[in-house]
Amino acid sequence: MTDDAERLSRLNVPALDGILGRPFKVLDDGFVRVIDYMGTDESIVQAARVSYGRGTKKVSEDRGLIRYLLRHRHTTPFEMCELKLHLRVPMDCWRQWIRHRTANVNEYSTRYSIAIDATQRTPAGAWRKQAPGNKQGSEGFLDARTGRALSEKENEIQDTARAVYQERLDAGVSREQARKDLPLSTYTEAYWKIDLHNLLRFLSLRMDERAQEEIRAYAGVIGQEIVRRWCPIVWEAFLDYQMENVTLSRLEIGIVGALVRGDEREAIELARGFGWLKTDDKGLKSNRERSELEEKLARLALPIPWKK
Amino acid sequence: MTDDAERLSRLNVPALDGILGRPFKVLDDGFVRVIDYMGTDESIVQAARVSYGRGTKKVSEDRGLIRYLLRHRHTTPFEMCELKLHLRVPMDCWRQWIRHRTANVNEYSTRYSIAIDATQRTPAGAWRKQAPGNKQGSEGFLDARTGRALSEKENEIQDTARAVYQERLDAGVSREQARKDLPLSTYTEAYWKIDLHNLLRFLSLRMDERAQEEIRAYAGVIGQEIVRRWCPIVWEAFLDYQMENVTLSRLEIGIVGALVRGDEREAIELARGFGWLKTDDKGLKSNRERSELEEKLARLALPIPWKK
Amino acid sequence: MTDDAERLSRLNVPALDGILGRPFKVLDDGFVRVIDYMGTDESIVQAARVSYGRGTKKVSEDRGLIRYLLRHRHTTPFEMCELKLHLRVPMDCWRQWIRHRTANVNEYSTRYSIAIDATQRTPAGAWRKQAPGNKQGSEGFLDARTGRALSEKENEIQDTARAVYQERLDAGVSREQARKDLPLSTYTEAYWKIDLHNLLRFLSLRMDERAQEEIRAYAGVIGQEIVRRWCPIVWEAFLDYQMENVTLSRLEIGIVGALVRGDEREAIELARGFGWLKTDDKGLKSNRERSELEEKLARLALPIPWKK
Amino acid sequence: MTDDAERLSRLNVPALDGILGRPFKVLDDGFVRVIDYMGTDESIVQAARVSYGRGTKKVSEDRGLIRYLLRHRHTTPFEMCELKLHLRVPMDCWRQWIRHRTANVNEYSTRYSIAIDATQRTPAGAWRKQAPGNKQGSEGFLDARTGRALSEKENEIQDTARAVYQERLDAGVSREQARKDLPLSTYTEAYWKIDLHNLLRFLSLRMDERAQEEIRAYAGVIGQEIVRRWCPIVWEAFLDYQMENVTLSRLEIGIVGALVRGDEREAIELARGFGWLKTDDKGLKSNRERSELEEKLARLALPIPWKK
């Protein structure tokens, strides 16, 4: 350890300091605000250099090192950064959020305090239809008239549920029991603290198009407004290597290779062998793994031989 | 490694095998059932002996070893046992449960499937009053007439919420959105897998009298019906050392020592110095740490000098 | 819950029961043996069906479901399987192993017991040369004569270290202190218990060609001899989707797309823009990200335009 | 959320800023230095108030709240503080340290870099004798002459081991393999990041008198020099409630109660029933649980009835 290592001051990020405490609005009454943070891009390099020795030191090399670490799943240096957020989020959404276990959490207690008097309300134009192909997704919106009726009904049920809650409290019922029929749309608040590695994993799952719209809205804000300011080099690498990448399985590599060589016949044979080209009287039966490959082929500018 | 180590069969527990899959009822429509388990009392000894060498081998020594490990927080051998449960529990209760992070969980998905059509209903005589002294607790019950009115209202709001949910589904709303106003009392189901060390921690917090009645009901069943059968020696040690113990802080040790010597005056002086004997015109002001000590003095058959 | 859910027996895997307790040799004196397990392929399906409802039930669908879950990072059902191993491994290797935190561990204690009298010895032909390109790797072997000299020296230093250890014990030094100069090559033993999801992550990192040879030897045995028997469908999916796949970053997708369209010029322009084609007087400078792409292009049967 | 919540600056602790980066020496060549931190006493209160509402605000109440949280195992607010240390520690000691899994770690890589050229050396007067009663402890020191001989031998073996390491490197052996016979006393370095709750758990186990002297030295410095400056209210509460407390088991409570009532006979009967008073021809046989109770009785000023 050289002498200059003996004095330190904390790393700070002016771009993040500028928004500390400022709520970013999400949904109709939710928010995300940064309470505190530890470290930044530079801390990742600093920690990696404990492992790798201290030779490389140029700024241009820092970017390369961070990108290398992320690409090769050297995850531990990313754990050296920590973020603390204050969230306001509907309980329904929080139920998904809390499944990310490697985080520290303090949630608003409705045993101790009266429940927050706010629920997520759905505007008439925002009722999403069940996706036909994806059992756990939605696709498109209901028409405005149906939507209006549903939104009115929603206002009613939410108001009634709150009135019932209040009646119970007025009658002397304990808070811990009175809350039992509050709707899942009720807002809660929490402090949520997580290291950058686990935060990126959260973002990669919750910014994904298969995630539910509500939690995607939060994840998008955390990524775009907060991580981008906090650790800009990491953010760029994360998009390049984890969000906008394509992974080909062993099976898909075979087909892609055949297509690259121009051998569509072999590509079709392979797909048939994998059971992806079964037909019924309406033609090709739907097959999820084939659909996934078709999307990838499109991104790689390759033809879909069985679609000709 | 001796030769006899080379052949093994899995440890099994006949007392637990006898109840495998059998639901133990909890609350009005909940249950807990054992799906699978790994290990038993003997596995803890087996793992500890990897650490401690293999000298001691008598059955009577096994009990002593397990009790020693538990008493001295040698927690890792207890992690060598694993339990998998199938639970049915109101979401309100599940919100507390899921905070125990060191567990594996698969929960019923109301994105993918229609929500379970059952809610926890509160009988007329079961409405608990807010505790006056403990902001997050309840104490005693409301009178029957008030209870009846509240229960009727509850039936109504739960039925209405379900009808609203069904209307949305019928209108084509996606399941992931339709569920947003279901009440917290709606039942969910989950597979929950946890090692014995973390399970004991769960039990010590959730069997505690300060835990909410609903989750205490589940914890009691898991402890009394399942762990007691599965690892009887651990269960006994757990009660002796963790559930029915008394911990005295540095401050309390001073007071207890004074009382043991018969020096009530010094005991009072010490308590006053800690700020536990403040008075107003009604006498001694309430003080949580003093109340806690008073309970402990009672268990140790010691007098409470400031109460004379 | 239907009636037939009410009776269960534990899932068992005859192929794994057949090797329970049997040590698979690794390195010169190490081993891995299965002590116990919970669940199998079927348990993953069982847990996923708590989430997804219980419609699909055919065996052929089980395989598809497991492959879907693994492909789409639905990791929680894989946590429902648990494996307990008994390991004998050099401390040097164990230092890497223990960094996988989500596991339960009981290690042989050299505070409590006399250290295991065995060290990993390197045969004359097994001394690996430092890799020139990869600072943390090895490549090829030293010649036999040098190897013999090194192995003799190794025997000496290991024997001396053990003698010093024994002298200390004989002089009455505490075991916890006497051990301090044992070589890292000393064998230790441990019980190691881990869920299948975290085990697959361990395997994907430690079966990788960049992992150190010693831990790769263990990982290979755990994968090929144990997981393959225990959960054959998972094992196949793991190879197809995680071990033998190819991931293309956003940058690489651009280049691959250009090559697929036959536009080598654009491919080169893109690579140059990413800084991958810098030259010095000896030609192209080495660039790690470009080398990685070149390997992928080869697997996809695509040309490397800058190599012509 | 009130308006004043919308602007924040990071909490900082001048007393800790004053020592940032400064190494505290431990053992002969080890150190601990603070690299960064997040939060302080105040952050615990802040997080707890998200849970408990925001009524109480006086400084005197902060102390009471922190002490209440610690006493009652409300651990989550303590997770809101995070500490990052740079350590230099012998590998032998690090092997114990790393068993604390809930922490983030980047260790110096001897695959990538040449091993640190320093080993922990034992002075002639510091060779500890094996404890007779405690198989995993030490007690007292060897005489100076024996110590000198052992220390000389240690110098030799450490120097030889280093020379062998250097020879291997010079012969072209890969670093990952050359290191295999380095002694456990070799120093390593790491960045170690942990939240305050888990740090307190580390300290309570590693400051304990049963912990090995080397790791106790580190734990003592972290506690006394760092945590005491960083979160002084927590530190005081930790000593009062976790380090200097006494826990009585159900069995011990019975005996203490009898002694308080002056009924030594019943106390003896109880102890005999627990199997703590077995005798052989030399008198009372040693019994660990009885010895533990005897220490507690002494602290509570109670007599030991079977010792009269």
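All chains are identified by letter, namely A, B, C and D, in their written order; residue positions are counted from 1 within each chain.
Keep in mind that, in the parts below, a contact is a pair of C-beta atoms (placed from the backbone, for glycine too) under 8 Å apart; a residue touches a chain by one contact, two chains touch by 3 or more.
From a predicted model like this one, the values you see are computed outputs, not experimental measurements.
Here the chain-to-chain distance from chain A to chain C, counted in touching steps, is 1.
When chain centres are set by their Cα atoms, the one at the greatest distance from chain A is D. Note on chain placement: the centre of chain B and the centre of chain D lie 28 Å apart, centres being C-alpha means. Note: centroid distance chain A to chain D, computed from Cα atoms, is 37 Å.
Averaged Cα coordinates give chain A a centre that lies 32 Å from the centre of chain B.
The set of chain A residues that touch two or more partner chains comprises 52, 76, 105, 109, 112, 135.
Taken together, the chain A residues at the contact with chain B in this complex read 90-92, 95, 98-99, 101-102, 105, 109, 111-112, 119-120, 122, 127-131, 135-139, 142, 146, 150, 153-154, 157-158, 160-161, 164, 167-168, 171-177, 179-185, 212. Residues 1, 5-12, 17, 20-23, 31, 33-39, 43, 46-48, 50-53, 76-77, 79-80, 82, 84, 86, 88, 104-109, 112-113, 189-191, 193, 195 of chain A touch chain D in their complex. Of all residues in chain B, only 52, 67-68, 71-73, 135, 205, 210, 239-241, 244-251, 253, 256-257, 260-261, 288-289, 292, 299-302 touch chain D in the complex they form.
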